[in-house]
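Paired with subunit B in one complex and with subunit C in the other, subunit A is shared by the two complexes that follow.
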Partner chain A sequence: MDFLYNLLPHLVNGIALGLLFALIALGFMLIIGVMEVINLAHGSLFALGAYIALVIITPEGGLAMPFLENWFGIAIVPRYVAALILAPFVVAFVGMGLEFCLRRTYGKDPLYGLLLTFGAALVIEEAIRVIWGHGEYVLPIPKEIRGGFIHADLIWSTYRVYAAIFSIAMIGLLWLFIEKTPYGAIIKAGAHDSEMVRALGINLPKLRTLVFGFGTALAAIAGIIMAPIWGIRPQVGVDAVVPAFVVIVLGGIGSFWGAVIAGLMVGMVVGLTAAFFSDWSLLSMYLLLLAVVTFRARGLLGKASALEN
Partner chain B sequence: MTNKFKAKISRRDLIKTTALTAAGATLAPFMGPWKYNRVWAADKPILIGLTHDASGQFANSGQAEKRGTIMAIDEANANGGVLGRKIEYIWADTETTPATGSRVAERLITRDEVAFMVGAIQSGVANAISQVCQKYGCVYFNTNSSSPTESGKNCHRVKFVWDGSGANFARAAASGAVTKFGKNWILLTNDYVWGHNTSKATQEILESLGGSVADNILVPVGTRDYSSILLKLQQAKPDVVATAVGGDDYKALRQQVQELQLDTKMAWLSNQLDWPDIYGAGAEAAFGVFAATWYHYLDLPGVDDFVKRYQERWPDTRMNVPGNVTYNGYVAMRELLRAIEEAGTTNNIKVIKTLEGRVMKADDRMQHHDAWIDENSHHVQQTIYLATRQDQPRDDSDYFKILQTMDPKEVANPGESACNLESYDDTPTYEM
Partner chain C sequence: MQHAERWITREMLVAFLIFGTLPLWVDSVGLYSYIGVEVVIWMIFALGFNLLLGYTGLPSFGHGAFFGIGGYAFGWFQFNMMPNLWLALLFAIVMTSIIGALVALFVSHRRGIYFALLTIAFGQIFFFIASKWTSLTGGEDGMLNIKRLPADFGFVSFSLQDNTALYFFVFIVFALVVIVLWRLTHSPFGKVIRAIKQNEMRVGFLGYNVYFYKWMVFTISCAVSGLAGGLFAMAQEGAYVQVMSLQWSGIVVLMTLIGGGFVSFWGAVVGTVVFFLARDLLGTYTEAWLLWYGLMFMVLVMFKPEGIAGMWQDAVKALRRRQIVASSPSAHPVGK
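Take a look at the complex of A and B:
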């Protein structure tokens, strides 16, 4: 009984962690699912989102912008909300620029796209170092989502609860967008039969640009949400891209619900191993991947992809 | 026969041969004999290889250290160099990766022909570099990596270790914590050489004081989420949580501990708190009790001037005051250059002998007690400061409140007897 009592908080924590992993993987999933491009710059764009949010929220954000003096005088809540909206837009533009560079790789070996995005990841990370330096930044957040609360004799993080709820909301909104709107239908159609979409008069290059921008905006949102937990430093993107990749492969490339389920599984496995066999905590997600891929090569809910050709 | 000979020496050949002979005679004094080459070599700059991380877990600390070593080089050059030679440096990113450390060291020695090598944050990297340096005989200064093994079983004749070790810090912090907080401890250990050896030293000291370790939680390098571990700590309710977690892993831990306000709910003992790991996070982030080798608000001669010189040299750096990592880089490089000058040569064995047993005055080092280089372990024995969060900060950079100043003798690590330095004969001669 004691064991179960001790286990329960870790199960709850695992679910919360899993939702964060799913959030990190959403943008990655969208781009790989719709465009069949493995965007290795996902982590760097995740980091860029956090840095831009930092600049919007605080004058200590590493860039001197005296013209924003009045802006920093207002309460932190509107600044934080503005960062959650504006930073993804800025990153989306960077993502769209990256997609422009990617165009020449379409229809070719996926390795070309992978190499290009890998190069872009290095460039973005180095640019962050040049602009913001090597140091650590802390993203200020409103006091309403700071601190902890006591439940069942344990202190829980208010921010984690907020981040988990935010993740559920993002997953829901993205699902609604893809499944229930005409734009989502066009995006899905573009992924499955691009010739037909083009024949219907839809501008496919523009569609791809927008999807890539949307995917990178999601990376930025994840970066902002994770910043108060992981901190902000130039190499923080590496911490994001690896689990994102694991989640996508585990869930099945291009599968929305596969990514969500895989995120939850990874969170649960990492959370439980960290609690009971902590030295295995990072390895556990790879072992999980290995176990699943051994029996289901395309991941949990994966289908045949152009990447297999 | 005569005609044939005549045909071979034309007038043009004669002029060419004469011209070449004349040119050779004119240039000969500049090309040789050997003693002239030696004169030329003395004017050649002394090239020092800097091995500071710019990426990976300790990127920020690596760059802080680099600022210190470069400052010392600049100051030496402003005073006329060393042995009348200018000091130059070549820097390579060791990427917080031992394999990169080995590769970089090999390249700096064989291709760039550096005379000495300086720099390390992570113990695995320092160990890798020092193995290569020992193979060639190149004197190497481990400036900031503090695993007890660096001056214990992984010591080398060419290597000198400048930071206090985890064992020194544990000695400084543990006894007070047992008395004040209790004997039931949990260790958080970064799962690599420094973490293991530091926690081992902490455990030995704790047990010698009658305490016990309830659990040793291993933290894999690269851990970003501590929620499970923090829940487990709350369930276990230890008297003290002693951490040997460094770099980005420590930053994430600190942030999440603060997020849950656990810093006020249990006693935290951090083995050492490197300035780059805390700078920018505010004084409130410096929770618990921790050790340090230097602080920019020490009330000692030379400290203010050093801070001022740092700010003048690095006006654009965000870290606008130097911390222990920069300090270690600076004093290590300064002492190396002084030792070369005193040895009168860059010959490795002579420089090593100059350094072994060397005493460095407290005033000169901006610490409270004299320091010395242990001749058996090559480890700098120095003052250790116990500190905690500053509750009345003088300014934005004032994070630490110094609780206690520990004499090097009080915190000396008997485990350094495991060090078995290679003999001079087994160390290749190296001179550039």
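Take a look at the complex of A and C:
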């Protein structure tokens, strides 16, 4: 029993990580669902979100201009909240620009979309290197969510608890948006049968652009939340996009709860292996993926999709 | 004569002439001999990779793993077994073939994006193993002090310490790989894998065992990558984990596509040359050369996914059409 008790913090860390993975993966999946494009640049946009938050929160981010002194002089909480709201918008615009480039690949082999977003990932990552350099940054966060607290004789990281609650809230909002609003209905219909959606008089190109922007905004939010845990560095995108793939393939493409469950599974597996073999923790998630995909090609809750062709 | 053409083509002779004489003129165009070694090794890798991407239509985003494994296998063999060039290279090929064949068991039932995702997963698995298994691979520091073993033919032995000598050695390997892969892609086997790219289901209906062919082509591609990896470890005098990362696995995809691997055997070769020229020429002007290279890649995917070889083919076609028009009687006005 003692043994299990000691595992508890690792499990909670794993769940927090898993919820964040699910959040990254959901933005990713929204795009796959409607566009049938695997956005390999998702990780780079995730990193870009963190960098833009850095610019908004601290002068270290590159905006150390005199007229902004007043802004950086105010308390950190409003700056942090502003970053959490503004950065996703900026990243969404970059995402929409990428969607504009992607238009030329619609109707062709899905491989071209994959290759184009791979190129975009490289370009965004290099652009980050040019603008912010190779070094690692630390995202300042309000002191309310820093540090740790002791509960039931165990030390808990406040930030991880905050990150978990935030992710649950975001996932819940996203679910409400997709399932309970007319916009969500259009998005789902667009994923199911785009011809029909167009026949009903919905502007499909605009829908696609907006969904792409929305998906990348989710990546940016995840990037900001993840930044204090992973640090901000140019190649952090790969660390994010690969678990997102794993979660999507594991959960099954097109399944909302599949992604959430797979995200939690991946997070817990990574968290628990980190307790015993910290060097190998990330490897465990690939082994999990192989184990599941070998027996269930479409993942846990996946349905048939155009991507299998 | 016709028989010889099946093995050696005109394009091959041109390529061999250019690369076979490279050390003679490389200095005068402002480059250096070692870049030739790297270019030729990466050409071997890209040719092997293009069996999957260009010929079978399978986008592997984890191929750097096999390149890396080849390097480690080459190093391990010369440290722990015997320092013989041929056996060490053979060991690199055999090891990557075995590992590639095992991976292929998992991925050969997939295609398109699922294939890409699974190869990413496998690539990352090998990347993690290589970076954490420090007792075998040296981890982040790499496997150091790999020797450039002499090419021993029994009666005569060549030292490959010098970059020019090493260049000629890798060039000969390249020439052999080109000939073998050319034959392979123009054999019945090559026809089947090209048909799989066009329509996998139909090939199955025709009675071919699609999975076996995909498994086979994946394994062969891995073997060629392993050979290139072994040579690269020898050239660099060390095997490093970076080449196994997702980024480098992607760069070989970029190279092959930019060159025109989708439409031509030579696309992979052209693309590798363009990549290294871009690295060395753009690299002297800006540190962010990869940014510009990536932008070039994006533009090419959007407007001309057939790459440089595709443009060349279009140009040749246009030229030929003009010649036909010029030589046909109706092109000349009657009153002339």
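Keep this in mind: the second predicted complex is superposed on the first by the 302 of 309 C-alpha atoms of A that agree within 3 Å, B and C clash if a C-alpha of one lies under 4 Å from a C-alpha of the other, contacts with A are read in each partner's own complex, and residues count from 1 in each chain.
Just so we're on the same page, contacts are C-beta pairs under 8 Å (C-beta built on N, C-alpha and C of every residue); 3 or more make two chains touch, one makes a residue touch a chain.
Predicted model only: the values in this text are computed from it and were never measured.
After superposition on subunit A, the partners subunit B and subunit C collide with one another. Of the two partner chains placed by superposition, only subunit B is touched by A:Tyr159; subunit C is not. Of the two partner chains placed by the overlay, neither subunit B nor subunit C lies in contact with A:Ser194.
Once chain A of one complex is fitted onto chain A of the other, the partner contacts of A:Leu283 extend to both subunit B and subunit C. In the superposed model, A:Gly135 makes contact with subunit B only, not with subunit C. Of the two partner chains, subunit C is the only one that A:Val249 touches; subunit B does not reach it.
Look at A:Trp230: by the touch rule set out above, it reaches subunit B but stays clear of subunit C. By the touch criterion defined above, A:Gly119 lies against subunit C but remains apart from subunit B after alignment on the C-alpha atoms of chain A. In the superposition on chain A, contact of A:Thr58 is made with neither subunit B nor subunit C. Clashing C-alpha atoms with subunit B appear in just one stretch of subunit C from the list 1-9, 235-243 or 253-261: 235-243.
Subunit A uses residues 235, 279, 282-283 to touch subunit B in one structure and subunit C in the other. Within the complex, the subunit A residues that touch subunit B are 6, 9-10, 13-14, 16-17, 62, 133-138, 146-148, 154-157, 159-160, 228-231, 233-235, 239, 270-272, 274-275, 278-279, 281-283. By the touch criterion given at the top, residues 57, 59, 61, 106, 109-114, 116-118, 120-122, 124-125, 128-129, 132, 245-247, 250, 253-254, 257, 287-288, 290-291, 293-295, 297-298, 301-303, 305 of subunit C touch subunit A in their complex.
Residues 38, 101, 104-105, 108-112, 114-116, 118-123, 126-127, 129-130, 235, 238, 242, 245-246, 248-249, 279-280, 282-283, 286-287, 289-290, 293-294, 297, 307-309 of subunit A are the ones touching subunit C in the complex.
Interface of subunit B with subunit A (complex): residues 54-56, 59-60, 62-63, 191, 217-220, 222-229, 231-232, 234-235, 248, 251-252, 255-256, 259-262, 265, 276-277, 279-282, 317-319.
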